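Look for subunit A in each of the two complexes below; its partner is subunit B in the first and subunit C in the second.
Take a look at the complex of A and B:
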């Protein structure tokens, strides 16, 4: 059973969202996603200051067998991206909710959080899809 | 003889299993409007005997002229072992085999090809080849747009000294992907791209600058200056190069750095035909592409990597396939990532046979032959060199009259005298692009010069003697 921390929000495309005290949100891929992808060999993170629309492909995670898009859960501007992943893509496998974060986004003021899933909803979504 | 292994019975049984009436039913999902009812220009099927006869007749039309045309396809001597080896049953296929790793010999050959191309270009990684030189430039432009993260534009600076056919193909392939090209003019005196022509674009957002070297006119561009300028303006440098010329010239991986700290061209591409592939009425040829490791994941095509097997023995495998179309579908880095395995086989054998010293001799002899040709032709009244820049093995000549009739008269004497530039570069006037490789002897050059002198004899003008 993959881990679903209780203090985060989720998407149906398997990204997680953490609200930071600064107002920014941190984004990564879920434990379930990293498990499904297998050992990651390359991660491409978005350029800082890039403007994103919710649902837009913003990062690529590549395993030996496949390269998959990561979609931005929110609209806003990229405030930081995790440059450590260029050298250590395996962080996404070993610590998907921590050092394996992908980017921090300053969300647009108007950005609605309604579309995101609660931990319980995401767990149910995985169970149904499972 | 139909090369379809299924009998009518096999097909009927398969259709029954999937519940389809006919094979055509399988294409039902294609809207009728998208189906071409009739292929008007395709004649009815011919028998093997008829096809053989037709192609023999077509091949004879080429004749065996004394050839002085270059313009992107070059006649070089191909040592007999090249095709004797390339057509051996073990190699004789245009494709990388499926289950590629089962064909270690093929992969080793491609790996060695990649290593040779990296050595020639001074780049860090080469792919297994592309379709041809023109499509390689198109792919390089798409790659530059993906790779240049400092640029938000999809615009590319494309000098008018780049092969016009390459420009056309690049526009055609990238047009639907919103890549835009800005044409950069050349200096009319030396035929090269001057820095002052680029200054107008300073501070503007372009993804890349294309530098062909030697350029379409045969001139050697000032590649260090151009590379430094592009990098200073946050553009990538796409080098379009002739692999034979690289035996003599500074490799693109070392371009630039006039102020110290060179990083070289970012993407190198070009036509591989000069390396052991015959002219063959225009193809098949092969394109090559090399880049720095930093951009390897943006490079289209396949790459063969060296590795160790489970018992620690060295071996070869396809690598970095995750972004190819059989996995990424519409999001693949390229959807024409074919390679030209057979042409690459010939090129690898050619380079291995000649070695670095042999390639240098071919390059030096070609440059010398062209210098001899230009000198001989420019002694003829009404013929002059268009540009005064240093050149490799091609040159633009200016005639005092339209080029087409002159070329027709030369053709009557069995000479292909060069390429008329009136369609691609009308601003040059009566311009003729000529080329002589190591295949041309003093006698050949003399034959051309005498014929041209005869054809160019001053036209008799009837004048009033008053």
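Take a look at the complex of A and C:
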């Protein structure tokens, strides 16, 4: 069973979103996603200050087997990217909700959070996807 | 649900993640495919390769038949048990499949062909066997295990009856021997030493469990692919197929043009293609971070040293690419115009990345064979 922390929000494309005290949001891929991808060997994170629209492909994670896009859960501007992943992509496997974070985004003031899933909704989504 | 080998339930119990491979439900990995890869390079791993198709050919003229059917020449096999890698080609020279032929006795040869090409291979072999009076029998009663790695043989020997271990230890590279109900061959698809064991399907699960109990790591098709690519071994369907002949697939060494008196299917086409300077299969090592993948386009580097290298004329494309766990960078086989390199550019998601042309294999017997 994959882990779904109770203090995060989720997307149907298997990203997670953490609201930081600063008002920024931290984004990564879920435990379910890293498990499905297998050993990750390469990560491409977005450049700081890049503007993102919710749903836009903004990062690439590659396992031995395949490359997958990561979609921005929110609209806003990239405030930080996790550069450690260039040397240690395996952090996405070992610690997807912690040191394996991908980017921090300063969300647009107008950004609606309504489309994100609660932990219970994401768990149900995974169960239905089988 | 796909076809299942006799080891399906055993592997599920050991945590196998299953994928479809040519209609078969096969293990992709048992956790981390990179760990499985390293286990084979450094110690020993075991693969279920029972999906591969074992075909026994029998009859007084079996050798003559194979000398006609295969691009390599089974006349090279002089001692029972010896094995030969060969392509089976069309009259056009295109590759129907690659296979291993084992010389069992003068009236009995064994072929091991790919699972995905089983049906067309059997049809092709059957069609040509008739005039030679050769009987073709698929051995669905057998399973096949590949035990590979520097410690694979030492860890397999204790499973054999004590009086048989000496015989197994004496098996030469690229040869095999019948040991009771098993056929044990010192062949493989990983670039490491080890055995491929063909055994009655009913014995397979017990043998698998006993080998794992010896400390041999269960490994899946994911690791098998990274190991074979590091070893510079072709995958049928990626690196060659019916539209490509062996000479442009890195397999010129497997085509026996001598003796000139031997007639074999495809000889005329391959003789014409010989020395015409067509494309060649080469190795690539990516200089940047990233992963090489099948079908990525390769072009000449006009100024590969520049900060922003510009791509020019297309040279060809990647036929197999992956991340090499041993080299910790991306490697590939690519079919490129003659004389390509030493620096080329590979298009990865619209960006040109610098790569180096090298001669495969990249890794054999645990050692890195290319400059890094």
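One rule holds in what follows: the second predicted complex is superposed on the first by the 130 of 130 C-alpha atoms of A that agree within 3 Å, B and C clash if a C-alpha of one lies under 4 Å from a C-alpha of the other, contacts with A are read in each partner's own complex, and residues count from 1 in each chain.
Here is the rule we go by: a residue touches a chain if its C-beta (ideal position, glycine included) is under 8 Å from a C-beta of that chain, and two chains touch if they have at least 3 such contacts.
All values derive from a computational prediction rather than experimental measurement.
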item: Combined model on subunit A: subunit C and subunit B, fit or clash; value: clash
item: Touching partner for A:86 - first (subunit B), second (subunit C), both, neither; value: second
item: Touched partner set for A:65, first subunit B, second subunit C, both or neither; value: both
item: Subunit B versus subunit C as contact partner of A:56, first or second or both or neither; value: neither
item: Subunit B versus subunit C as contact partner of A:42, first or second or both or neither; value: both
item: Touched partner set for A:121, first subunit B, second subunit C, both or neither; value: neither
item: Superposition clash, subunit B versus subunit C, among 22-30, 310-318 or 454-462; value: 310-318
item: Overlap of the subunit B and subunit C footprints on subunit A, listed as residue numbers; value: 42, 44, 62, 64-65, 67
item: Touching residues (chain side subunit A, partner subunit B) in the complex; value: 42, 44, 47, 62-67, 69
item: Subunit C-touching residues of subunit A, taken from the complex the two chains share; value: 38-39, 41-42, 44, 60, 62, 64-65, 67, 86
item: Residues on subunit B engaged by subunit A in the complex (per definition of touch); value: 149, 297, 322-323, 327-328, 331
item: Residue numbers on subunit C that touch subunit A, as the complex places them; value: 17, 28-29, 32-34, 222, 226, 289-291, 293, 322-323, 325, 330, 349
